[in-house]
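Encoded as structure tokens, the structure appears first; notes follow it.
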Amino acid sequence: MNTLTLDHLDTNALLESVVKEVTHLKGKGEVAGTIPELANVSGDKYGVHLLTVDGEEAGTGDHLERFSIQSISKVLTLTLAFTFRGERIWERMGVEPSGTAFNSLVQLELERGIPRNPFINAGALVLADILISELRDPKKELLSFVRALGNCPDVTYDQRVAESERSSGWRNAALANLLRSFGNLHNDVDEVLDLYFHQCALAMSCRELAHTFRLFATNGIPYDGAPAVLTYSETKRLNALMLTCGFYDESGEFAYKVGLPGKSGIGGGIVAIHPDRFTVATWSPRLNAKGNSVMGMATLERLTTLSGLSIF
Amino acid sequence: MNTLTLDHLDTNALLESVVKEVTHLKGKGEVAGTIPELANVSGDKYGVHLLTVDGEEAGTGDHLERFSIQSISKVLTLTLAFTFRGERIWERMGVEPSGTAFNSLVQLELERGIPRNPFINAGALVLADILISELRDPKKELLSFVRALGNCPDVTYDQRVAESERSSGWRNAALANLLRSFGNLHNDVDEVLDLYFHQCALAMSCRELAHTFRLFATNGIPYDGAPAVLTYSETKRLNALMLTCGFYDESGEFAYKVGLPGKSGIGGGIVAIHPDRFTVATWSPRLNAKGNSVMGMATLERLTTLSGLSIF
Amino acid sequence: MNTLTLDHLDTNALLESVVKEVTHLKGKGEVAGTIPELANVSGDKYGVHLLTVDGEEAGTGDHLERFSIQSISKVLTLTLAFTFRGERIWERMGVEPSGTAFNSLVQLELERGIPRNPFINAGALVLADILISELRDPKKELLSFVRALGNCPDVTYDQRVAESERSSGWRNAALANLLRSFGNLHNDVDEVLDLYFHQCALAMSCRELAHTFRLFATNGIPYDGAPAVLTYSETKRLNALMLTCGFYDESGEFAYKVGLPGKSGIGGGIVAIHPDRFTVATWSPRLNAKGNSVMGMATLERLTTLSGLSIF
Amino acid sequence: MNTLTLDHLDTNALLESVVKEVTHLKGKGEVAGTIPELANVSGDKYGVHLLTVDGEEAGTGDHLERFSIQSISKVLTLTLAFTFRGERIWERMGVEPSGTAFNSLVQLELERGIPRNPFINAGALVLADILISELRDPKKELLSFVRALGNCPDVTYDQRVAESERSSGWRNAALANLLRSFGNLHNDVDEVLDLYFHQCALAMSCRELAHTFRLFATNGIPYDGAPAVLTYSETKRLNALMLTCGFYDESGEFAYKVGLPGKSGIGGGIVAIHPDRFTVATWSPRLNAKGNSVMGMATLERLTTLSGLSIF
């Protein structure tokens, strides 16, 4: 194999090449329109940040500007729920790709209230319900958990986004009520929705995301010296989940072209992991028809293709 | 990470430990009943064969006995079709997990004749159609291709199985006719079905499968000194496909628990790949409700858990 | 045709024969369990009341006892909405049988928020939304309308049932939120649900129902001397709708065996109409698997078969 | 009711008014394109023929020209199968509207091979299978049966249409194979398809259709002096089926606007029945998006609205 590996690679030079190759995509895609507050973000934002397990890091563009991480937060609530319940969380949801849109009610009804996986909205609502059962002050404690993971003490919820989600979140309300009708929510529907809308409204930068997801590249250890949050085996399992289910109805495409576990959000962010090597986060708000960032997807495809770095 | 890696591991000892841990599952599951000839196979067969990229190999049980590889053949026809058409094959099928049973017509109708991926039956029928368009004597040339991949010159079709498939293959005939109605088969329906029923009837042993799939662990090179069949990038892409779509409606589960690309068949076989490390094939005819071998799945789960070897 | 027609028939004798022939079904089926308050009703209640267009009437059993009319109320809100908007209401729902359960979200999502017909829950929620847009005090004015139709000034809502619906109505809340997400509810979700839960909680007797539905047998005239509520053409159209869509996923069966337009409710009531001849209402709380009263269906089947009176 | 009834009505004058009111629709809709031979028919053909139970008849336009009756034939095979098996045929299909397109595989798969009703293609294929089991020479005996019903001894199959159906009938082949896989076809798939393609290719005129369907207006008696083919009760049941299921996914619309039992075909024909009054057949090949004749639907809507004659 004559492909360069990250270890011998100038990461700055790599990012530079990648950025050059995706520039022609500027302006392609549409900023998410479903949540009013998100629609106000400039579609031209673009940032990339890469962090190796050795602590090297390189970033470019708007990589230090915070944006709404949206569905990326589902990995964080899954991780926190996992620390409480471990494999028992699979009594209430599955680990299979959904084959349908992220917010579909069809599948949830046909499968009688058991969400296909934790990364579709229905699954994330069940996770929120679990956190409410486990935590005294769920919003506050989730925030503390996230801040600790990435060592980012001033990450916070964007209250305007959370409010905007709430005022337009009828489809999520439909999902939550349907889950409740099947007995797969145990807490008050409005309380579950409130936590969910807040987690989606977490505002983080590419750099913060790369650091926050570092534990998935290091067998569960958030940062050097920190205690492990997940075991070796749990970490690889959640990575597998991100690979098979992390990109809505485009997970196969991402695995096929990029070949890394990861998670996207309709705020235009994507975070991806190469176990034992690095984490990388991108942000570009214009989305393709499947709800994933056009430039983010392309950036990561170029990154693994130019470097020869995929897990396969 | 204090987990042993294959490189320093006594593969024989590893297999021995794995076999011991799955013995209690003997007798669990049901031999496939849909194809009469397959129902005659003893449910107690069990074999495992592991082959490292360095040529080391170890096997146990019925690892040298041939069985019907069934859907595992879909990876082989995909590979052959890929050598002719490359990425153009995705004009006629997708790369997304299906979220439904392997032989479902529902999804194919809703998505207007474009199969979700090459590993559901509808996708494999389109692959067979492509091979018929490309080859002069498709059955003969496919056989030559398979024999060359694994250096197994006497692998052949089990004609009784092929005939048995044909005489009970109404659902596949339904899929083929539906594909034809959408214009996504270009050749005669009966000819496509004939090739498909033959590929499913390929008889191979675990050892032969491990060798035949070696190219996916070696960036496309079937055996030392052979010319590459797939490029570095193509190999990793097909590996990604096996990971996201290789186990019917249980692909997520396999990725979650085993963490390797692979493919199963209702004959009870499974083959899995650790890129740059090894291939491994198992055979045990009793299947779970999703159509995957009970002991095969457990064997591979134990193998990666005990050794710490998964791609994640 | 040697079958007797109603006009020359002793209706009391007819009812007596019918009742005798369905007695063996006592105890078959289950009282609706989804709404706690309904589950308290005795399953052994049974009443029938028949009213001819000439004003003759005959009843038996518990025909004067009030029960929760549930989905039967959908015909009443449709009629009231029709007086305001006429054919324009079809901009927001269809007139086709649904082919699925009465409270399914699948179809509503696939058909992008346009309910199949006004008699599935989604359709009835849109009707409630229309009434809220049209009326100053919707609950009060709906009640006045219903009282006037049947000349039953003391018909009212059963507040305990309404409250019971509300506290267990997650699936209806899911439907309402989904409708809202598609823009097919214009008013507050909770206000729409409140009206809907109240209309379902209307308590009426078989006799009151037979009188209230008389207008469908008399080209729109509630009672002699009253002004027409619907035109001749509108009346026959709503009758057609009841025939094709009035019995959830069993409408075809009812048309096939009974041959009259009608509407059922999970409180165990059914009302049916023979245009220009009579209306008939039955009550028996034990339901079959499709949610229709076992004895009610049988009573009406016997009634039309013994008398030769169906519209076909 | 101050609307004229047919009995006192000049049927010629009625038809004349109706024709005048639908003329503006000429050219609207598309001739069926799925069967090559049908696509050759002029879209401008238009005929209407009305036959009262007293033997009065009136026709206009191309009412004496034969066309391919297509799905209208399903009522005829249902009637013939009914004479052999009566209510037992419902062991193999239902009586419920389908809520989906006439040739959908989705519903058939979800409901495990039991067609929703006899008027969707899957149901008609099961009927063909029953006739093959019951008849020595099915095509010949079906033809004799049809000729006898309408007293039309020279009605016959259009062999070019039958062949055209066969050569493009992949979707029907898919349905037949799916039925076979569920065990709901008992005879050879090709033989079933052959009978089905022939019945669809029956060529009849509006006048012949009106006479052939007369038995549904006369409690089962094909023509005066003939023995009854169906009993009083059976006749009304099949009429009910035509009303709820006769117009594909537009049955509700037809019931709502026309208010008569009937059956349409993609050859552009429609036949409708007013029990105890009349039968009427229309022909106009241009179809709406649901596969029903644009001018035929409008003609029948005008006919019942102008005359006040519907069953409701």
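So that you can tell them apart, the chains are marked A, B, C and D in the order they are listed, and the count of residues begins at 1 in each.
Following the convention adopted for this analysis, a contact is a pair of C-beta atoms (placed from the backbone, for glycine too) under 8 Å apart; a residue touches a chain by one contact, two chains touch by 3 or more.
Quantities reported herein were computed from a predicted structural model and do not represent experimental measurements.
Kindly point out which of A-C, C-D or B-D repeats the A-B interface, defined as over half of the contact pairs being the same residue numbers.
Of the listed options, the interface copy of A-B is C-D.
State, to the nearest whole Å, the distance from the C-alpha centre of chain C to the C-alpha centre of chain D.
So the centre of chain C lies 31 Å away from the centre of chain D.
How big is the gap, in whole Å, between where the Cα atoms of chain A centre and where those of chain C centre?
Centres of chain A and chain C (C-alpha means) sit 48 Å apart.
Could you grab the centroid distance between chain B and chain C? Build each centroid from C-alpha atoms only and quote it in angstrom.
Measuring from centre to centre gives 55 Å for this pair.
Mark out which residues of chain C touch at least two other chains, giving numbers and ranges.
Counting only residues that touch two or more other chains, chain C contributes none.
Treating touching as the only link between chains, describe the layout with one word: line, ring, star, complete or other.
Ring.
Which part of chain A faces chain C closely enough to touch in the complex?
Contact set of chain A toward chain C: 104-106, 109-110, 170-171, 173-178, 180-181, 189.
Considering the complex alone, what residue numbers of chain A touch chain B?
By the definition above, chain A touches chain B via 1, 3, 94-100, 107, 116-117, 219, 232-233, 235-237, 239-241, 243-245, 249-253, 255-257, 259, 261, 275, 305, 308, 310-312.
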